[in-house]
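Below you'll find a set of structures to go through.
In the two assemblies presented below, chain A is common to both, partnered first by chain B and then by chain C.
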Partner chain A sequence: MANDTEILHYLWNGKLPVCFQLDEQEIHGIQNPEPFYLMVPRMSYFPLVCDKVKKHFVKHVDPEKQEMEMWLEFKNIPLKWNNPIGVLYDLFTIDDKQADLPWQITVHFDNFPEDQILRCSCRESVESNFMSAMKEADMLKHRSQVFSTMQRHQHNQLWTGLLNDKFDQFWSENKKLMEPSDGSYFKHIPVHFYRSGSSVMTQTLVKPVSEDGNHMTLGELIKLNYPSVDNPKIFTHGICIPHETPVQWMSEHMSYLDNFLHLVVI
Partner chain B sequence: MDEELTNECNSAKVVTENKEKIEILLKATGNAPILKTKKWMVEKEKTVASINDFLRKLLKLEPSDSLFLYVNQAFAPSPDQTMKNLYDCYNTDGRLVLHYCKTQAWG
Partner chain C sequence: MGPCSPKIICGVNRRSDGQRWRPYQRGRRSYQPRAESAHKNGTTAKNKFIKFWPWAAEQHGGRRRSPSFKSARRVSQSAAAAAVSTPIMSMTYQQFVDYATDLKSHSDSIDDGWSLCQYQCPMNENYIKYLVKKDIQKLNKFSLKSDHSDSHTKNNIPVVREYHILYNPSYSCPDVFFNMWSTDGKLLSLEHVWSLVHYFLKENVERDKWNAITQEIHPFFSTPFFRLHPCKNTHVLEMLGFSSKNNYDYDIGMGWLLQFKWLSTNPKFCSIPLLFNPLIAWLSTISPLIGLEIHLSYGNKDSKVEFT
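Up next is the complex of A and B:
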């Protein structure tokens, strides 16, 4: 763990340039709004970085609709705010050789797609969703024994570290959650699996050790979960990961901030 | 939502797989009213949000009442999480136990 902290910094600093445009149908009045450009951290969540986007576009929509909840769409797919930004980008662009940066995202206020994405009433919804995911991850890794013994102010360090983009603040507490409790393995590895192009998420119980007693590799894990996929490529953080990578190592070093690995399979 | 998704699938096999049901056990905690029937069979593709709606109707809750669902008495699953994923990870003896309460119990 201590030797590989460079990768933690590298992933933390991963950013995506995004170009936001208001949906043409929703432009109210004669003046077309300028697109809004933003560099967003891959590890963060859209509701935490979009205050300025909302402020920029809200004055260009029908006054009756300005109070409605803003939502985002890419190529007719509503984007789930509860997925990390980097996961959304990888899911819907990795297959597409034409996906140029900046990432073109359409902003909506009207016609919220209730049946496809969750509402995000306030920043606290993001916080409770995020903290619940961390708790679940700790249950999988350490049978809940680390997170639940942390103090309230330690939990706050995790959340405010993410909120304010403070690596040291976040990792001073997160390192406790990333220590294998017995020997060199977690009990289970928290993983969310996705197929490229779909927002459907699959979760299974993943063990860090394979049947033969050796560490489980990424290739073995994908073969177990997707036996019918020939020559799968596995991406996370925009990186194609070699099949021989141990999943325990990945969990410690390549998890998103919610402590889950988010793997996109092609 | 689930019905629509199922209808969109062309393959009959996919449809039957999605319709497959799993057993869940709904247990009251704290001040929540206890259900007469605790055991339910639900479609795998149902989400936590739809179970929450279903339970609110069963318990005849007011729109202003809160209702929280927990897995393993440890964490609140995301509303868009599916029963299948929770069952695959957290079932004990072939059933998924969900605790519900009207105030936050485990964070």
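Up next is the complex of A and C:
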């Protein structure tokens, strides 16, 4: 059970200022569209916050292309909407000293890179993606004992909590998923690892206890999985995490809403 | 800290009616009654299929209280039991590799195109094995019947298909990823992929499609693939009577197989001898969802017993 609820509030309220601009090649007509500024929650997903962005730009593209699916790009890299916004930002900017806020993102309607990013035709695809990540996380933490015994309306609470940015609604259910089932540890810790600069995700089974029986620390975990990286720095939520942090504690307090820790290793 | 606590295994082994779930341990006595009763009730082929298909079972959950749907009721109860006692069956990676190698060797003998590939994990540089099959298929071949006449034209185009069967460490079970392109290289839409589900299961998938097949990022290549949701795979394995602990016991003699001679000769039950290799049994169960054909010879590939 998460005792340090203040941290949960801090992370929930983390926001990023983003400046959206339509790709110059796709501007139709003489008038250039104004850039669109938005504060977006780090924990959320782009398709859930971009309705207004689409509305703003769609009238400036070729009428034949207005029905096409909108997608986002940063420095020629299509952004995978299935990753939380904060993860995407950390991946591509944490190494870059020059990255200024607001985060400059290019909006496209044409040439959807279907070989690189998922299609997102409707909210259901985000919901399905999010809920199946949660389910997998619970499989790792409790062998799926908690999520599968929850009722449908409880699952809906989690989703609508994220959708409407309601901390209490989300956490009233999510706290059940964050309770270690036996003793003080999860069975495995749900973690997604990334190297900064690339959205390639790797995943392994992570145990919360190291071989000597003590709790596993972040430093030990990274050493185990990235033996060749010298003096690694680990970021999540834009914060450089001290190596002595126990991964069990991190999982309970610093997971994204899909219940996975998303760690960016430099 | 074993993979499953003894309590859970116990819960899994028992069906809702208190009988042992797995057929092979008590052989004829525990398995046959179930199959026989299906015969007696004159259950339709569709209902038999439901037994092996958890989506179908879950969909029937709503009818649980109606006594007129006896078979549906039984299925929904076992599905509910499975849901309560999850997690259930698991396969170790080593078992997966063994079964995959077995599948590959049979595939070579009938030349149907499966290959065993390796992926090097960028993190610890270990090699991970997985199965791949690529082919070109005219889509109308696997949608045997189409209720909508207008979909015929859509179904007639040839598609390029690629199937990957990986091991999923989170769920400890096999996991299928696939892509389908039209011959001009365009990826089929998710709606199109849903429309290709075998008519047998179409109704069930339609009702819960976002929990059945969706597009996801491939864990090795980080590119979009269609994926059958893996959380159901453990249920399928369970319903097929598989457990990582004692599956190797299958190979103890062929005695029990003889008991099921009538099952094996009955084309409706041709998947039963596949229990020798749970990966094949699982694959043949899910294949109507993803347009994959599993040659019948997989059914008794290991059997030294000739059925006439």
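Convention: the second predicted complex is superposed on the first by the 264 of 266 C-alpha atoms of A that agree within 3 Å, B and C clash if a C-alpha of one lies under 4 Å from a C-alpha of the other, contacts with A are read in each partner's own complex, and residues count from 1 in each chain.
Please note the rule applied: a contact is a pair of C-beta atoms (placed from the backbone, for glycine too) under 8 Å apart; a residue touches a chain by one contact, two chains touch by 3 or more.
Predicted model, so just to flag it, every value in this text is computed and none were measured.
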| item | value |
| --- | --- |
| Partners on chain A (chain B, chain C) - clash or fit | clash |
| A:Phe235 touches, of chain B and chain C: first, second, both or neither? | neither |
| Partner chain(s) touched by A:Ser144 [first = chain B, second = chain C, both, neither] | both |
| More chain A residues in contact - chain B or chain C | C |
| Chain B versus chain C as contact partner of A:Glu124, first or second or both or neither | second |
| Touched partner set for A:Thr204, first chain B, second chain C, both or neither | both |
| Contacts of A:Lys80 with chain B and chain C, given as first, second, both or neither | both |
| Touched partner set for A:Glu136, first chain B, second chain C, both or neither | both |
| First, second, both or neither for A:Trp159, with chain B first and chain C second | neither |
| Touched partner set for A:Tyr226, first chain B, second chain C, both or neither | second |
| Steric overlap of chain C with chain B in the superposed model, located at which of 80-88, 170-178, 242-250 or 260-268 | 170-178 |
| Overlap of chain C and chain B interfaces on chain A (superposed complexes) | 80, 82, 115-118, 128-129, 132, 135-136, 139-140, 144, 201-205 |
| Chain A to chain B touching residues, read off their complex | 80, 82, 115-118, 128-129, 131-133, 135-136, 139-140, 144, 201-205 |
| Of all residues in chain B, those that touch chain A in their complex | 1, 4, 49, 71-72, 74-81, 85-86, 88-89, 106-107 |
| Partner chain C, residues of chain A touching it in the complex | 80, 82, 114-119, 121, 124-125, 127-129, 132, 135-136, 139-140, 143-145, 148-149, 188, 190, 193, 195, 199-205, 225-227 |
| Chain A contact footprint on chain C (complex, rising order) | 4, 8, 83-84, 86-87, 121-124, 169-171, 186-187, 189-190, 210-211, 214-217, 219, 222-224, 229-231 |
